[in-house]
């Protein structure tokens, strides 16, 4: 792994309308020269939070508030946006799943942008910004032309797009679960519904504050946030609402599925009970009658009758037939 | 099918107070000349989204934002309204059902209007705007006289009117379902309640944002939206609220029906249990007594008694009668 | 019936501080002369909506918006208030019950008022405004002195007062239902709770928008709505809230009653099960023992014992006594 | 009882910083002289609403709006605050319990205050304002120094303080109920939970609008309500919120208790079922085996075997032992 | 214990940028001299509320409103913030747990701050402010440099940080409870879920108003609250929201766990019922057949057949096999 090198090496993209340069720098001090060139913007990606010393240096160069650095390091920080005079700070959560919906991971991505720089802090080195790098290479890309707020929007957009993938996976899983419950296969366990609900709560927990961030962004009057780029932010905002509505739909579906499961249990129990009742109700009285003629009283006139045994069989048959008719009428089988 | 021709041929209605002309054009460039004549308004209907090239050309002629074209093409776009300096963009969902409430289809209809043009984008060629065409032919119609915002309102109104049809169908289906549950016919399956709930969620999902769109429209201060036409928009807005309230009513009804179904299951189980208990409680003790006198002990004085057998029958009768009285008093049958 | 005459004859009350005249006019054109006399106000009641021609004429005389006429004719219109420059339009729902709470009827009453006129449109001829007529005859009545907005308020007030009657009826019905559930009489069926809930939803559906109308009225700045009369509107507004709170209370009560019903079913089932279990658990082992000594093995020493039979009875008694003690301790009977 | 005298005799407290005089007047007209002395304030307590004539006179002297008198007389009036140019009108509900929480009574107390007078209307003569009288006698009391709004605040405060007593009683009752459910004593009946819920709804119904009144008071800009006294109103406002939160807590607790009760019913039923199943599953097969050897076939070789009977006992023992092991493993007893 | 001395001895920290002095004073009058030195700030900690005389003196020195002293003494006061011209008063609740989550204690901490002083009132002497003392000793600490509002923020922050500890403990307990339910160990009792819910409600009850306080603080325009320190308050505010969201998540989890528990009870009951039904359904008919041939009729031809007994065994075997196949198909075991 080149994790070690990636800690000490920073990837810096310096760009302008007709300019793009990628540099790998090892000394954070070099960033001072980038900051000075106001006609160019640059993006620094810090791929992991392990090198606290580096973070300290970066924080000093860009004049980042100590509480912000604290928030960046606290990877269970709730997503939020905070405005300072010279820069804006955004915490977001990236969701990704390894294989199945059960292994959803949340990772914190923090963003700081000023008038000519964007800094992104990843929790662990991931390739989430590959799409961004590709778009940046395109000289006609809006990422080069529009301000740092557009650039930050593009980073958030690429994060939010991943939520759709997760939601899609989740929808499939729930639909599959629903099919199994309706088909009444025993393979579906109650715990799986319970686990889906838990996962859902976790996803919602990450998504909700992102909607809030974008809502605050839209209403912000900070000079770094330009009116003309708001159409783009509205777009991600709509996406975040769409995802939340999708999650809410799934929540209701799961709650209905749990209810459906419960009702099916009751239906099954009813069926079991009916079987027991039908069999018991038919045979317990018959057994009683056969018991009567198993008694050893000396004086039992029926026992001597020639057709006694036949008659008893007749009684048995009539009783069985009667019971069957009765249960048929009650719709019990 | 004339789908192919419909892709390349655009239906254009040019109209004014005392003028109506329908043209079929094949080259989108011809639209430039329409745009120029500011004293006339025109409506272009694009019946399907398959010809991306055409969309591109139209987008350039009318100066439509790239994100708008993206939203038009993404047919799972959430309904929304977006205002630009020179035009307003609206996404709506049309609902229609083939035969039963189970086969509800949602189709996206996007609308763009400027000072003298209205463009409508359908997902697939459907005859939803036939009513509009008819009204347009009437020289006294408000569609000719009032602005493009009224025209757009009329298009949305004709879409929202279809929701009433769906709601009516849904109400009938739920009422039918309710009747069957109360009459306790076994034909109604739990899955049907579950499916109605699912369909309801889907309809609500489409309707909710339409209410939002109309609410934003009412509050909008965009110059394309004229104060004097707001009475009409208020009307559709009221309709959307009415539909949502109708859906909410159905949601509550379905949730109560599910509860009713559960309770009826319990009542049935109680009945089954009572049958079992009554029969068992009567005959199990009797069987025990008959078992006693079936024992083969050498010394069993009762067996030699002359009226032993008769007495046993007396015991049987008294016990049965006692049980019946007891269960009658307990209201068990 | 004089329905036919009532269609073509309009009842017009012309009034001022010291003046009251009731006229029956047949030609709507006569209303023009009333409109002209600004120093007097007048009230026209249109008792049914069957004569569309009449409505058309009235609408032209009073310059009523076509959408308003549409709303008046659509008797499933949601209650609403709409302000125009020269008049205000209000749709309300009147509720009345024939005998029991099950037969609640909703009827639409639409009101239009301008600076010196009030028009009321009833769905069918009903005597709901008799109280109004009485008050009008009193020369000191505020109805004569205060503006047309007060008059409209008085009409709405007389409609809302009927809601209290309905709520009272409903409370009685629910309380009765509650008594029966707690006393556990079998006569109360689950469907009645279900039906009360349904009725409740229907009443709420009509009441909710009336509260909204009154809330809008209070905030309105329309010149026809006078500040000094707001105390009266606040009063009806408070009433509408009181009714809604009463309905909400009933909704919660009904939901608790349904739960109570369910729990009582479980309690009853527990009781049934206990009876079955007690009887079975006592007699099944006894039957087994009697079965043992009913076997026909040649070598069964107990059978020859002199006190065998007595001992078996002893065993029976000990077992029965033990079981009874056990079940008593478990509180099972 | 001196109820009769109390109807015709009014208790009037006239007070200023260094002055306090209590008068009993019989003719309401005497109040005119009090009204004139602007340098002094006075409080009139009307202890019951039975003398409508008196109310009429008082209403004329203090220029009280007819609707206010109507609200005072309607003892099921929802608590509210209404501002007039020259006075403010407040309706509140006093709650008190005789002995247990089940006998909660609500009584209406209406308050009207102007620049130098406070009038309180009680539904029935109660001693709720004894504390107020005591404080008034203290020459340093704020009640004498601060305005009539403070005096009214003090009256409301003494009413709200009673709510704490009720809440305390209620908490104790619910806690007691909870203990009994957890200890699973049969003495607690389902109806008591149901009744607590009902009582709770009733208390909440009275408390909620009081919070609203105080919230409106805080925001009011009426000249009778002085900014500097708002700290006191904030205090009662906080109290009303605290009481509502306490009620909400109890509501959730009761709803959980009902659920707990239901679950315990299920647990008990499970236990009953297990007993039945264990006994039946053990003895029914044994009875069958004993039945086999009770058959009277002529050719049944086992019956002649010397150790046949012993072997059957062996089979019995093995089967019983096997079953017990099986049920132990299943944790069924 | 030095509780007695701590009552009469007050700990006073006087501090400035380059100054820190800790004094123990016994006479509250000494505080006057501190109040006079406006260039220094000071913090007084009053470790318990037992000495009312002391509180009275302090209240006079700092001109604290009598209602504030009342709130400080009433240790069940709901957390709140109240602004006065010269000072701000904050009530908070400190939560701490002895060992397990069941023993959560809430203790009231009240704070009063003016332009150069901060007074903290503890319910009982606890060491919660040790961290504060440590930070104060650091000459570079912001606590010395920034205003009294920052100091108060720091005190609240140290209190809110304890909530995270409680939340963590709670999460662990719930997770443990969830594991046990899913693994279906009988050790978990229903009461523990019930108790967790109760504890949760209690924690939420304390946390909710703290969020409110911080929200009011953020919006406050009081001169004692400085704009530039708002970043810090935003931070605690975010923390309070995070804690509330964590509690809400736990609430939903517990409610799902209760549902899961109920469903597992049903599943277990189904299993019990199936066992009973399978055994009964197999053996009851067999017992009946054996009963038939135990009858003592003189004429029973089967009994004389040579292979009668064998045939009966055949019938038994066929019936058992048939039943087993049937139940296997029904998935009953």
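Chains: A, B, C, D and E, in written order; residue numbering restarts at 1 for each.
Everything below uses one rule, namely that a contact is a pair of C-beta atoms (placed from the backbone, for glycine too) under 8 Å apart; a residue touches a chain by one contact, two chains touch by 3 or more.
Quick caveat: nothing in here was measured; it's all calculated off a predicted structure.
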Touching chain A and chain D alike are E
Averaging only over C-alpha atoms, locate the centres of chain A and chain C and give their separation in whole Å. 42
So how far apart, in whole Å, are chain A and chain E when each is placed at the average of its C-alpha atoms? 26
For chain E, what residues touch not just one other chain but two or more? 262, 266, 269, 273, 276, 280, 284, 287, 291, 294-296, 300
Mapping chain-to-chain touches, which pattern fits: line, ring, star, complete or other? ring
Reading round the ring, first chain A, next chain E, what is the order of all the chains? A, E, D, C, B
Please name which positions on chain D make contact with chain C in the complex. 65, 67, 78, 80, 82, 84, 186, 190-191, 194, 197-198, 201, 205, 258, 261-262, 265-266, 268-269, 272-273, 275-276, 279-280, 283-284, 286-287, 290-291, 293-296, 300, 302-304, 306-309, 312
Which residues, counting only chain A, touch chain B once they are in their complex? 182, 231-232, 234-235, 238, 241-242, 245, 249, 252-253, 256, 259-260, 262-264, 266-267, 269-270, 273-274, 276-277, 280-281, 284-285, 287-288, 291-292, 294-300, 331-332
